[in-house]
């Protein structure tokens, strides 16, 4: 039968608009499989760095009303072992894979790009949204339109894969950064990464709950912020957006689409609804199409853009 | 919502030189096989199985193996520790004739299981093994419980020399069991598995855990990708037989595969 | 009996550390009374402008998982009628009142200050955190340390009441703004105002839910962000902080205290727990004091400051 | 969590030139006296009382008075409107002899109340008044319901000349009622109040509403500060007698006091 959820992202056809985002379940080929089997249409790897990282000490995750804080600290097995998981997954599945990479200087970003070029991954995602990058980039990278443009441009120059720039919501003017990424040749944007950061305090032990003190917010409570930033950005750019942040139900995914996203990430919702969340949301989008009389997801209208 | 609670250590029981049991006054509501995440907010949050659980208190049994557990051994009764959970899957509760196979610090969660099995009328046999007599835990507790109980050490310091798998093999040869449970070192369970082709069973697994709520992906097992913190740590036979990584490798804090 | 919840804020003694924040229930003298009667120790008026404002058209409020969006649009009866409500309240109550004022240029801020000087209010709060102030101040006022310092300094020069600067969380570096306010003579800070802003979309009518499209986030889900910003700021300044954002239970109030707040706002929680929320939280703080063996709220420790 | 739902208009019933009833298929679960907030997302969200409510549908009755309600009158069956609620307090449900006093577009919520009162066995009398015969609503519906029913208009176009307060005064003189309910223009209720010193009663109030969830403070009433969107809109006598602003002033969208 005709797949009513099929859509396209930067030239690649996807069977479901739902994306497993970076850092969620994408640590191993089997975690990717498990998500794809349950209905994710695109898989993103954990953000990979040149060298392995153990990440922060625990607690690295803390729940609160409406979401979670996390300070995983970019734990990952390094680009080589990480790409092995990507390749192992691609041997078993046709599902498109976004390889997320993270670095603190230009040289590392370029090296990572060379690695990804040789992998079975379908997209290269630059995680430009870590709040604490003080190596080469003087101010947090994600906050500087100029630096974002410089990196995207250089990576684009050598990448064999379409390049997605992942942006932080915690900047003063995300649109100028999105435009810089587009002008530098980005094939798409991924937004948003976690919000804040925030903190929680244990009142009996008088300690921050997270060992790293602060962690980024994800989950249902960031959806309004994500929708606003995706809407604002999609009104200003032409490249497609992978929208995410708090999407938990089919209606959230449709909102994200209306705000301007072409494909839609579902991360923290796995906690709330189980790994079956992808299939559930797919079904809920289909029910929405039926109710509203739309043939396929691509018929769902967008909000009128902001002028 | 995922909830954290900070509790005073009500009691510390020294089991062996390297193993302590910590009891907390709290209605945890855990099922046998489930675990909690524990932290002292000094760096590190680690999974521990529920060794026993009542309406007014629960306990965990901890082996001193590294930085975090060493700090735990310096805590006093009355000190605060913070937990979240219970998490994960729990053991099937059979009311028939069952065999519980424990090894090392893996045995304590079988205590809570045995108690629960007795409650529903099961015929319970427990075999417990460790490296030396000094490493063996919960012997008296199992005996008081009124289950059939055997123990063994690798160094023969209790008389017989061998592992709990050896004890189990003998029992399985001479008797029929309706269900087998095991918890302990992975290589022990791997050895046990080859004895259990004709049996229904569940094993309690350990993998590196960070989030414990099924999203970070650190505890997934190859090739199916089920998460030990959600679909596990208790795994039924139907999953165990599919796990290509079982007894071969696990993943460390970076996600790297580490051979056993 | 000895009041274990009594504390001080900028020289003024308060019988409960809980504050009714600006824009919540503080539209009329009776709304203020109703909150005070239920245990609020300090009352803030709605942010008053020189002229009356009807605010945005509805919907002005929308719920989501963990909180609310609002775009009230600074509706208020204007400084004269607003201060009449304050005076009417002060005739009936000893509870300290913070008069919140809002303006888009220096001259208006100074005029408002003159009005407040003649009122029965106890504090003057400058709402410097509206995201959309483009009149005199080139960029949104709240985001410029320089402008914040300039206004606080000028107001301080003529104010007969202690001056509190209310800061926005939606800036790149709140600490530099807090320092500017302190250096300009502010007697205290109020933080945080609403987060984001965010948006929600009606998927049947393909419209933003809020008529103003965007609205600020309040409620439980912003608590981690509020705690982090209060903690970060209190580590850097010496003036007292009125901390708020998502405080709903006694434990939240204690967290806010540990993060560095001297008194604590409770706004959106009124929705979740009723107007009785102030008394409930007061009781919960007392229960916490008992459990931990502290004599009064002032004995509750603070987190170690960030260096 | 405060939930919004967007619904198709299932039915539009023209009551008078200026009054329409809108019916929606939705299990609202409202009690008599409660209200919803309604919007078409074109600017404005306004409170409307529930005129009737069943498990599968509910309705509101709207008078065209300004920008928002004029737009409502342009909607067609099948168009979407978005609501949140139900909100607010509801009427006491008496099973004794009760009098319901309605005026103008205030009468419809008394219909849902009357239906509910009959269900519990109350003896229900309804008096309904309006400016002219053309402004009078729900006459047939009340008659079908089987309550004792009287109506009156200010212009005498139905025979008798006067207000529902006049009808109520006459009834109260000759009969005993256990409970009195009223909804309608504030000055009508004010006039009624002076007849009710010896009666238990509840009035349905209107004040400018924005948040409808009890936090913006726009709908508080002096001097006690109770919120009409939470503690109201239905007010028992014990509150009504305390309200110094009753029949004297209300607050507009800015919060300014406006004399009646």
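By written order: A, B, C and D. Residues from 1 in each chain.
Criterion: a residue touches a chain if its C-beta (ideal position, glycine included) is under 8 Å from a C-beta of that chain, and two chains touch if they have at least 3 such contacts.
Not measured: the values here are computed from a predicted model.
For this pair, chain A with chain C, the centres built from the Cα atoms lie 34 Å apart.
The distance from the centre of chain B to the centre of chain D, each centre being the mean of the chain's C-alpha atoms, comes to 64 Å. In terms of their C-alpha centroids, the spacing between chain B and chain C amounts to 50 Å. For chain C, residues touching at least two other chains, in rising order: 64-65, 204, 207-208.
Touching two or more other chains at once is no residue of chain D. Viewed as a contact network, the protein chains form an open path, each link joining two chains that touch.
Contact annotation for chain pairs lists A-B, A-C, C-D, with touch applied as defined.
Residues of chain A touching chain C in their complex: 64-67, 69, 143, 171-172, 195-201, 203-204, 206-208, 213-215, 217, 219-221, 223-228, 231, 246, 248, 251, 254-255, 258-259, 288, 292, 301, 303, 306. Against chain A, the residues of chain B that register as touching in their complex are 1-4, 6, 37, 39-41, 43-46, 80, 82, 84, 210-218, 220-227, 230, 251-257.
In the complex of the two chains, the chain A residues touching chain B come out as 23-35, 37, 46, 52-55, 57-65, 68, 70, 72, 75-78, 81-82, 85, 92, 202, 204-205, 207-209, 211, 267-268, 270-271, 274-275.
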